[in-house]
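Every chain is named by a letter (A, B, C, D, E and F) in the order it is written, and numbering of its residues begins at 1.
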Amino acid sequence: MSGFNENDGILVIGATNRLDTLDEALLRPGRFDRQVEIGLPDINARKHILSLYTRSKPIADDVDIDALAKSTVYFSGAMLENLINEAAILTANNNKSIIDQESIDKAFYTVIAGAPKEDRSYITEKDKEITAYHEAGHALMTKLVLPNHYISKVTIIPSVRGAGGFNLSIPKDTQFQNKSDILANIMMFLGGRAAEDLIFGMDNITTGASNDIQKASTMIYEYINKFGMDNDLGLFSMEILEHNSDSKLISKCRSEINKLYKETYDLLLENKNILINIANELLDKESLNSDDIARIFNSSY
Amino acid sequence: MSGFNENDGILVIGATNRLDTLDEALLRPGRFDRQVEIGLPDINARKHILSLYTRSKPIADDVDIDALAKSTVYFSGAMLENLINEAAILTANNNKSIIDQESIDKAFYTVIAGAPKEDRSYITEKDKEITAYHEAGHALMTKLVLPNHYISKVTIIPSVRGAGGFNLSIPKDTQFQNKSDILANIMMFLGGRAAEDLIFGMDNITTGASNDIQKASTMIYEYINKFGMDNDLGLFSMEILEHNSDSKLISKCRSEINKLYKETYDLLLENKNILINIANELLDKESLNSDDIARIFNSSY
Amino acid sequence: MSGFNENDGILVIGATNRLDTLDEALLRPGRFDRQVEIGLPDINARKHILSLYTRSKPIADDVDIDALAKSTVYFSGAMLENLINEAAILTANNNKSIIDQESIDKAFYTVIAGAPKEDRSYITEKDKEITAYHEAGHALMTKLVLPNHYISKVTIIPSVRGAGGFNLSIPKDTQFQNKSDILANIMMFLGGRAAEDLIFGMDNITTGASNDIQKASTMIYEYINKFGMDNDLGLFSMEILEHNSDSKLISKCRSEINKLYKETYDLLLENKNILINIANELLDKESLNSDDIARIFNSSY
Amino acid sequence: MSGFNENDGILVIGATNRLDTLDEALLRPGRFDRQVEIGLPDINARKHILSLYTRSKPIADDVDIDALAKSTVYFSGAMLENLINEAAILTANNNKSIIDQESIDKAFYTVIAGAPKEDRSYITEKDKEITAYHEAGHALMTKLVLPNHYISKVTIIPSVRGAGGFNLSIPKDTQFQNKSDILANIMMFLGGRAAEDLIFGMDNITTGASNDIQKASTMIYEYINKFGMDNDLGLFSMEILEHNSDSKLISKCRSEINKLYKETYDLLLENKNILINIANELLDKESLNSDDIARIFNSSY
Amino acid sequence: MSGFNENDGILVIGATNRLDTLDEALLRPGRFDRQVEIGLPDINARKHILSLYTRSKPIADDVDIDALAKSTVYFSGAMLENLINEAAILTANNNKSIIDQESIDKAFYTVIAGAPKEDRSYITEKDKEITAYHEAGHALMTKLVLPNHYISKVTIIPSVRGAGGFNLSIPKDTQFQNKSDILANIMMFLGGRAAEDLIFGMDNITTGASNDIQKASTMIYEYINKFGMDNDLGLFSMEILEHNSDSKLISKCRSEINKLYKETYDLLLENKNILINIANELLDKESLNSDDIARIFNSSY
Amino acid sequence: MSGFNENDGILVIGATNRLDTLDEALLRPGRFDRQVEIGLPDINARKHILSLYTRSKPIADDVDIDALAKSTVYFSGAMLENLINEAAILTANNNKSIIDQESIDKAFYTVIAGAPKEDRSYITEKDKEITAYHEAGHALMTKLVLPNHYISKVTIIPSVRGAGGFNLSIPKDTQFQNKSDILANIMMFLGGRAAEDLIFGMDNITTGASNDIQKASTMIYEYINKFGMDNDLGLFSMEILEHNSDSKLISKCRSEINKLYKETYDLLLENKNILINIANELLDKESLNSDDIARIFNSSY
């Protein structure tokens, strides 16, 4: 850390849940220059956390830690700790000596009721399914049209990165985006909606794509107006004028984004079995990493 | 309450009629985190209140508490108390020993005249009928197109939730709205106007639907422009541009909302007898709960 | 009055000519909650005021109080008092013992010249005739299309309510306006211009209708855009957009208001004799009340 | 004056050349409530002023006061005084005993050179002729289409009322303007330009009409949009909308004002001899009053 | 000067190169009311300045003051002084006793290098030629279409009045501009561009006309919209509306200014020999006065 | 330096990497009036820097300074120094006496990891190729259409002048740009994109041209609207209006810029071998100067 002797071999770690309020100077290179977001634990993580907290406590045989991990979607580590503690108190109050499934069930509702409102909304199975296919759509499009991107994480566990779930993919390090890259990125953004459309039908497409639509709209607008990449409209940028669009530009943005959506949909349709495999594994594991996606992708052919 | 020992078993309740002026910090989870609106009493509640205040007073046989409850629509609890007190004073002034209907009738006008202006406007029978059908329209559309919504209350008694009356329905807990949900919600909002149109005729539709129209207009605009759910216009969002609409978008919003109104009207027409039954029971009881609506709905087939 | 014992039987009255500068808290229910505007006296009132001020003064036989009342249109009570006083002074200065018509005539111009500018503009006979027909048009339309409205006063004496004259009508107490009500209200507002048009001819219509046009324009705009009552444009409200009108909406507003004007004109034409009777009686009495209007209306058939 | 005893018989007069900087309270009725603008003297006034200043000075026979008055257009009273004083000094310096024309001629240029810049611009004969016809156009149109207006002054001497010259006409006291009045007023405003057009030809119309055009444009806009007096567009006022004009309204304003200009031109053409007579007398006398205009108007038939 | 005795016979002169920062009160009539801009010296002035500075110094016969004056375009008086001083120092350093051409040549580059950047840009022969024809175009158009204007100076030496060069012409003193005057003024402003077009060809027209275009655009806009001088659009001024132009007005401005340009070009074409003569003499003398222009103009026929 | 004796012969040099924060007064002529940007070293400079730092250190024979220079693109001088120091430390730690390639390789990654983030992004071979052709496109267009421009530097090393690389060309000193100059300048700006298009194909054009497009768009807009150089639209400038563009102007800007792009592409196509030669030499040497470009240009015929 800047100001300390470089050879000290000391790593300084800080924690905050208000990253936005920190003085930016603290985050400059040489200071706290790496940021690691600790999101909600996925099913696997929850299993580990539960094991940790039950390790030194008497647990009945009927308690299935795996099932408990599965049913505690959206629980934070603190909530899991609380769950086990409440179950222990209930057990003591009932003069029982071993924490059984019944105590855990009761504790479950106590914990939920005491949690702040925004942590209380259960994700329904339907929501999980929608999120799974939506994220699978993004992930599959990434593999299909942005093969150089490294997908580091696909998850249906919400975080600051995405209310439903999110894809974390890292583009190949490069200075410039080219025309194909931009179009492929738009298709990647449209992949979530297209997957919903393909699997659940047009009438069941959801509002979950609104951020994707906002981003894709901005990209197609810049593609045409800022980067001059549209063959018809050419190179004049309206940014220099008082009004930054005209009917030709709007009309072109509409037709281009809709053409790309059609292509996205068709690509997902061709690879529907992979899409289903990714979504199913997401529903099962909640989070997938690069290797998972690659494995599913490859084994699906 | 946050700051107190959680096991105290003490429930802290506060009352205010200026909710908007409270420090938001007071309303955070762990503090005053549940809000219960105490609206005007409906006919049933007024009957109970009148019984309470007349319990220890000599009441003549000709006084019909049920009728009195019926005729005191829009009276608050304080006004009902005042009514009985004034009647007792009049009785004493006239050297009568028993509060009779005549004293109550006189007291009625004294109370009305002394009430603040905004509480003085009598609801006419026609207003009640319009409100009843308007709210019945919302309620019936909820049952028909949003079957997963739980209708907790339908009333023609005004409150902060609605000047005429209101429907309080709770959507099934879910993260996303889908295309059908949004369209169904718009139809639910249009149900009030459509019921007026169906029952009283086009020339008698009222200004009571202006809030519904505002909400439905916002929803259809977002449906098309923010959520990209319209088949014709597709996915380009104009939010990123300086001007957030063009003639195509406006034209589409108009045609879509009008198509949905037509469907709403037709659905209510098909179920006109249920609509009438709900409205009639609303006129009778002033407020209906979930079970009432379900009963009327089921028995109407 | 709030803060005083309710049984005191004391009525507190205050007077101001700067109502707009009072602390609003003073005007709340339970405080000064009734406001009575004391406008300029009409012919009848002037007769009473003149009688009062001349009661104890020697007045010549040639002085005609009725004629004097007629010729002092727009005089306030203070100006009428001043008129008699000035006449008395002139009489004394001329060593006359009785106030004669000549002294009064001279005093008349002295009073006019000394009055503040805004009180000095004489109303011409033509102005009075225009105002009379304009107000008669509003009053007759109220009777014809808003039969439930109670017309409390029609006058050609200006006040804060209207520079020329005004109609004071009270709508039947109701929570909602319906489509017919709104259209009828617009026709009532257009009645003043239509009466001018009908009686004096298109070339003689005056600027006196500009407030009416402003109100009617706002109403037709809200009728179409806020209340969704137009059959063609339907239910989409543009209030949610950055620009609150488009050419279709403007075009519709124009055609609707013009259609209503045509209907208003035709209705007045059909009832031209009543219009003339109301205007004539207004010219004679300056102010008419509900009974006057009803009498003229009924006797005109 | 308010605050003084009314019978004092004292008239308080104040003088300022910065009327705009006075506290408005000073100008209220009962205080300084009459304002008299003292403009530049016209030829007649200059003759009187010169007579006054030369009364007690020895003046040579060759000095023609009338000619001097004629040649000192735009001179203020102070400049005229200065002129005579300078001539006297020159006379003394040259050891002459009588002020002769030569001294006056030299003094003339001394006075001009020493005057502030904005008083130094000589009015050319051409300018005077243009101004004379322009003002004659306004005056003649007033007589022709606004016969009830009282023309109190027509002049080609500039003042705060008008850079070139001005017409001061007082409309008949009335509360309302009617449609014909407004159109006639617009024609009166267009009369200046039309007179220039008629007499000097289209190529020689000047910028002197820009204020008239501004006023006429405002009037035709209000005629159509605020007063609803146009037969085609009817009664909808766009003032309530965010944008206060549309192409229909602009197009209508253009066609109406141009139609009125045509009528104005034709009327002046029919009365060209009167126009010429007014202009000639204006060139001669610089200012005309009501009687002058009436005389020329009547004798021109 | 105001405040001093007028007969003192003292003339107060001040110098500044920051006229814009002076208190305006200092510049009022009677104070510093004449402003004389001292621009860069032209060839003639430079010759005089060089003569002055070389008067008392030993100068070699090979030094040609005329040629030196010619090659020091854009030199200020201070730079000329510096040039001679540097040459003298170089001469002394080299133990020479007479300032020869070689020393002057070396001093020339020393002076240039030491001058502030904005004075260092050499005017190329091509620039001088363009400026000469551009200014000749303005001057010739002034003679042709504004014969009453007095051309006081035409120069290709830049100053605060114009980056390239400038025309200083004084319009005949008059109160009003007429239609022909405005059109002629626009043509005068377009004369610079038209001359470039005519002499160097369309592909070589320069950005030097941008100020002229701005002024001409403003004038044609006011000609049509403020002064109502266009036969087609007539008299309605859009200044009173929220948006001060519409497509008709823009279209008209374009067609009118382009028509005037065509006329300007044709007029210069007809008088091409005069244009060439003016430009040539400008290239030779750098500045021309009224008599020069008149002489060239007259002798060119 | 101003304030010091001019003959001191002392040159004052200052260094900053925050030029933007200096008081402007410091940069005035006579003070720090020359600015020299010290950018990142190119391959040649790196070779010299590495030689300097390795001069007094024991280096193994297998260390190839040329190869090391090649692989350290984007390294600053400090980073190169650091690289050699780290390698020396590693050598010492490993008890080796000579710095070998292995130590240098390890040191390489240490240096990269410790560098501030913005210096860490490696330029890929593909990026270098794109940048090389993009800059070659600008350089070649400069030679072809702006032959009077002096190209002082073409480089693919980023600096504050350009993220990818940049062309530094100095236009011939002149006061005015003419029509051809502006069009040629636009073509020069479009040369980067056109080169990408020609060499890599339309689908691979990059976002690297966005600044060029912005500049070219501004230039074509001013060409048409400010300088009046378009034959169709002519001379009217919309800058004086509230809205500074209309559909005709936008349409014209689009068609003109697209026509110029076509011409640019065709010119590069005709000279494709020169383009390739420049790009190849840029990839080899990273920076080219005026002579390099001239040599390639001439030898390519």
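One rule holds in what follows: a contact is a pair of C-beta atoms (placed from the backbone, for glycine too) under 8 Å apart; a residue touches a chain by one contact, two chains touch by 3 or more.
Values in this document were obtained by computation on a predicted structure and should not be read as measured data.
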Path length in the contact graph (subunit B to subunit F, fewest steps): 2
Relative orientation of copies subunit D and subunit E, as a Cα rotation angle in degrees, nearest 5: 60
Farthest chain relative to subunit A (centres taken as mean CA coordinates): D
Chain centre separation (subunit A, subunit F; CA means) in Å: 39
Inter-chain centre distance, subunit D versus subunit F - centres from mean C-alpha coordinates, in Å: 68
Interchain centroid distance [CA atoms averaged], subunit C/subunit F, Å: 79
Of all residues in subunit C, the ones touching two or more other chains: 243
Graph class of chain-chain contacts, one of line, ring, star, complete, other: ring
Order in which chains appear around the ring, subunit D first, subunit E after it: D, E, F, A, B, C
Residue ranges of subunit A touching subunit B (in the complex, touch as defined): 116-117, 121-124, 126-127, 130-131, 163-164, 190, 193, 200, 202-210, 213-214, 216-218, 220-221, 243-245, 247, 250, 253-254, 257-258, 261
Touching residues (chain side subunit C, partner subunit B) in the complex: 29-30, 33, 173-180, 182, 226-229, 231, 233-243, 246
